[in-house]
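In what comes next, chain A is part of two complexes: it sits with chain B in the first one and with chain C in the second one.
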Partner chain A sequence: MRKLTTLFVAIMMILLFTVACSSDDGNNNNASSSDNTDANTENTETISGEITIMGWGGGNELQARKDATDVFRELYPDVKVNEIWLPADSVDQKLDAALAAGDAADVIMMSPDWKGLRSQWLEDLTPYLERDNIDPEEVFTPGADEGYVTPDGVREGLPTTQSTFMIAYNKNIFDDAGVPYPTEDWTWDDFAEIAKQLSSGSGADRTYGMVRHWIQNRFAPFFYGGKPYNEDWTQQHIDDPETIKALELIEDLIKAEALPDDAASESMPMDAMFVSQKAAMYPLGLFEAADLAEKIGDNFEWGVVLPPKDPNGKNVNIKFQTGFAMNKDSENKEAAWAYIKTVSMNKEVNDLYAKVGIPALKESADTTFAEMTIPNTDIKQVEYLRGLEDAEMAPWGGAINKATDIFEQLMEEITTQKSTAKEAVEKYAPLIQEALDEVHQ
Partner chain B sequence: MKKKYSSMEKREARQFYMYISPWILGFFIFTLYPVVYSAILVFTDADRTGVGDFIGLQNIINIFQDPLFRKAMLNTFYFVAVSVPLSLLLSVLIAALLNKKNIKGMAIFRTAFYVPFITAGVAVTLLWGWIFNTHYGLLNYALGLFGVDPINWLSSETWAMPAIIIMMSWSIGNTIIITLAGLQDVPEQLYESAEIDGANGFVKFTRITLPMITPTLFFNLVIGVINGFQIFTQPYVLTEGGPNRATYTIMMYIYDSAFKFGEMGYASTMAWILFAIIMILTLIVNYTSKHWVYYE
Partner chain C sequence: MKEHVEIQKQTTKFRNKKTSETINQIINYVLLTVLALAFAFPFLWMIATALKTPSEVYTIPPKLIPSTITWDNFTEGWQYADFTRYTWNTLVVTTLAVLGTVFSAAIVAYGFARFNSRLSGFLFAIVLGTMMLPNQILLIPTYILFSKIGWIDTLKPLIVPSFFGGGAFNIFLLRQFFKTIPKELDQAAIIDGANSFQIFYKIMLPAVRPAMITVAVLSIAFHWNDFLNPLIYLNSDHNFTLAIGLQFFQNSYGSSQIQMLMAVALITVIPLLILFLIGQRYFVQGITMSGIKG
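After this line comes the complex of A and B, so read on.
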């Protein structure tokens, strides 16, 4: 028995020792790779070697990423590229595990809405941009490059694709209700009035002014010029009068049944609700525009308009951005930088991206993308491009996931009519503040 | 005196350890090591990488001041308190029916009750989502035939947890099969003796069948309690813990803390508290079993 106990203890010690050593190794790698970074040195040698890239996606978007990698291979035939593409919902865990273990890819797909979540593992790309004399403001589509530089000046990545929202509307329902089509100078008060006018019927036969889309919760704080938190997310602004007023608008629309309540919104998928003409309006992201257009087919006439304006005259919009970052521990930083530069700024690559999102390269966005229409429609994609510059970065997620979860609870109390907007804010604003404080501790 | 092993015995022992080693190593690496490591994490503020500073008992103190932990725990107790007795009751009743002799197609009935248990949890849960649909669901349609107004099964704080319990009651095939095996083990002569003494069906069931299957019920109760406290997939897929956290269980909170909020230390602490609760309840059930479980 004593022998068995000794054996058990010995095995456990070996395991713990192995893990401790591997952890130390990772730290040492971090330190040495940072010390060895000499990005200001002009690289005159041919870029070669091997890199691994890791990203996520599916369908056409993933194909565009793979095609972009093929373009890189043609430009840099001496670099062997290994690709790891994961489904979007499994990226976080696998990436964090790989980063912690010190064997993450050289180039990592990233999003500014990570909000510094993985900053410690990402290389500052500023020296690389300076070395190659690249001015992001000249190169990139206005609004595309926002959020990639941390408040302390570290550039974590370069942009590749962006997506914004338009409000899609069913012209038939507008015509039947005798309501003029919305124009881009409309306000959120106009929106609320129109949504109420378009709503009719009851129970399963109810037609709603607008579907309940997951993006609405993210739009909500901005309706009247408010915001969920300050620039460096140290202070919540959910209890600001502008934000409360915006949440009261949602509350009012639910009560008036211009927006479906929880039971109604769960009765069918939100896109099906718009396609089956049970909702007159739909916040349509670029990423789903082609899919929705195909579902609608010739069933009814529809159009798109920029989301309503806030009191400052700005069309409220949210953007989702995807870029690429470099792993600090990469052993082939030159090839990694070449890959990032190619998939972010190469014209051929950005023209490929135009099929799945707003390309980062201004030249491609203004030409290839702007000339394209949403498939199966004559609606020009350029409308989405116009919304990008003023769009707010997706406000929730990444390092502030806990605050995000609390905000979702706040919204749920409003949409289930458990609390008024004011009551919900009183209850949850301190908790959101607590969650933000935790991030900065 | 120390026993001397022959060379054959030594060779056999070596072969034994060689063949068993993949499982032993697997156990050490994939089970024991994570368990030990999670116990260490209880005393740290480890983030999503599993690395953090030592913070003593702070996680435990925080948990007992955390209203969301209390809410999740209460929801879990509610689920266990209703679903476990209900599943035991239903499994006994259904197993008794499936134990009837001289009924044609009994194998089909037994299979039909077992199939939901082996059907993929997520697929079944999504299917039930449609059954519970307020406007177009089968359940509200059936209730409507009896004049019952549509129930907001999944969007009402009152009905969401009962909806999950109803759904779980549909997939008790395994409990039914175990209970059925218990019923088939009851000696036939006990019933024959009772019949000679004039016992009716109810008396035979309560005085013979139930006492004789108490070991089976005991097993099902323990397994039911252990599984019940770990309910995750169904509320995660069906209601995402809502509405307003009405179906938010402790396993969902552990998952969110670890993988959504990146609080590995906090999540590990909750996991160990859950383990302690399950262990205590299992010991209580085990202790009381001597008063109600009958062994031949």
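After this line comes the complex of A and C, so read on.
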């Protein structure tokens, strides 16, 4: 027992030693200088002090963010940058805790559909842009800078990277079914017809026309020119005839087993379904294009095409955007602004981003990004750029989480065939309206 | 003659019994083997995936044995992030937090098991009541507390709280175990001149070793795999633990490098497996004797 006591005392001493020696320097935002937003021009020599930045991601995407921060360090050697890079999961919980404690990072990674938007947490960046004579329309890739300004004119962030979708298709399955490859002038009716023609087999041997990807629910309201709600989130449009028609298309494809039903779609990951040739088409986001190409390897021939057009002749697409915002409580706003400006508009940084997404800077998107191919393929990335300008912002999530949940319930009623599209819309559209009303209260 | 018939009957009965026992045993073994394989399958799949090339991970029909075995997932996966540092941090946190949990839970449990007052029942109910509070509810207040005392982005919030009670479940488990030890032992020690603390560490602790090992194993598994607390309290890459590191294999949109994830997860789960194999005898004994079942 004496040994046990000795061990316990020893461990306590180690603990105290560890505690005493641990560094506490990770979270101090002691701005030593320039908290002056009235400075007329950017001067890297006058900006100093310390800032903390917070973002998330994994793999190459995260590495690009870290490399971008190194570029900032070279440009602003007097600014000490503390980096918080987290896995994408559960970031909200950490941010909520940090904001509540008043020690959130000076610069926060965000998306226009993120819940921080339209909140009181973020600094309005408009005065900074005006002071530095920056015209976003001239600088940014068309479509990249959408959604960062609230309806009342507050700019809550600047863009860095974007991603759109293409429809990847398995050429072998098309060839076997004798169906010509899709071209970019196809419509959603063409898509439905093709998906049905490509579907064959039954049970575990069923090959589906298209996988059931999580993005499809986001695409659905736009198939026939509809939309889920108006621009200022005050009125839902789920019960518009165009939107109902789009939801009926999903209903029809599930009934025809051209899309897997709930049981089949839960049997394996959807990228696995495409890679293992159990589905002919897959909505391929740029963010996963390289991974998917690696997984396919030499297993089969494949290509990509823009998603089908709506009746107005517009290829329906969804974009996912990532930018950076400034914490209103930052103690070093000049350095924070310098960081945001660098990671959003610096050419070297945007060339780094070109490896993981569509860069915000038009110059980089049109040159570096446009010339690249999806790794291990000869498919040019420029196809994704073409989809960006007309792409809709990811319509659900973030600040309208409650409406999102209700829309997902609506889609589940359709995909599980509990209700027809019309019945589901009748049931859930008023609830979505209530949820949107709550956002404005 | 009569005796001969009786012996024959007995022999037949014995043979029948033996045959039926053998059949029972075969059925038991078959059943156990099938169940063992079913439970082991996810682990076997993890090993197989860790050895596959990316293009073979999702082939249909799935292959348990890869056609091309690659070890690159282990090396590339380990280099994908600073897993050596994450492992060290996880070891530090787990070791210290487990020691804190085991000793402090034992002291509190001993108090509840041996010292009675009018408030004992009430206090114990409060302790058990803390088990009902989801961790998420405590996150913001505890974050604010640790932030005010400058502990954010250090390993302290993951270690120090373990030295203050060790958790309601562990206290409950140890208290149940202490209660099974006859009070006569305490009384004999008192006659020999021992005080309460001497009784605790000289008599009670050695007697509850299986329960302490049970608490230790449960605590190791918790701290080794804990994701939420390190995510909330740690900021710097050099402070991260393995549970956070493994999440970096997934990008913002949910796509992951699953073959590397499996390879590194396999490496990180091995210490836990070894520990469980060593401690399982005590672990089962501790669970059984404290009367707590899963």
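Following the convention adopted for this analysis, the second predicted complex is superposed on the first by the 392 of 441 C-alpha atoms of A that agree within 3 Å, B and C clash if a C-alpha of one lies under 4 Å from a C-alpha of the other, contacts with A are read in each partner's own complex, and residues count from 1 in each chain.
Following the convention adopted for this analysis, a contact is a pair of C-beta atoms (placed from the backbone, for glycine too) under 8 Å apart; a residue touches a chain by one contact, two chains touch by 3 or more.
Computed from a prediction, not measured in an experiment: that's the story for all the values here.
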Touched partner set for A:372, first chain B, second chain C, both or neither: neither
Partner chain(s) touched by A:297 [first = chain B, second = chain C, both, neither]: second
Chain B versus chain C as contact partner of A:412, first or second or both or neither: first
Touched partner set for A:256, first chain B, second chain C, both or neither: neither
Winner by number of chain A residues touched, once chain B and chain C are compared: C
First (chain B), second (chain C), both or neither touched by A:100: both
Partner chain(s) touched by A:266 [first = chain B, second = chain C, both, neither]: first
Contacts of A:92 with chain B and chain C, given as first, second, both or neither: first
Partner chain(s) touched by A:401 [first = chain B, second = chain C, both, neither]: first
Residues on chain A lying within both footprints (that of chain B and that of chain C): 11, 15, 19, 23, 93, 96, 100, 268
Contact set on chain B toward chain A in their complex: 28-29, 32-33, 36-37, 48-51, 133-136, 152, 154-157, 242-245, 256, 259-262
Of chain A, residues touching chain B in the complex: 11-12, 15, 19, 23, 92-93, 96, 99-100, 203-204, 261-264, 266-268, 401-402, 405, 409, 412-413, 416, 418
Chain A-touching residues of chain C, taken from the complex the two chains share: 53-55, 57-60, 80, 92, 96, 99-100, 103, 136, 139-140, 143-144, 147-148, 150-156, 159-160, 163, 201-202, 205-206, 227-228, 231-232, 235-237, 239, 244, 247-257
Partner chain C, residues of chain A touching it in the complex: 1, 4-5, 8, 11, 14-15, 18-19, 22-27, 52, 54, 56-59, 61-62, 82-90, 93-94, 96-98, 100-103, 163, 214, 268-269, 271-272, 275-278, 285, 287-288, 291-292, 294-299, 320, 322
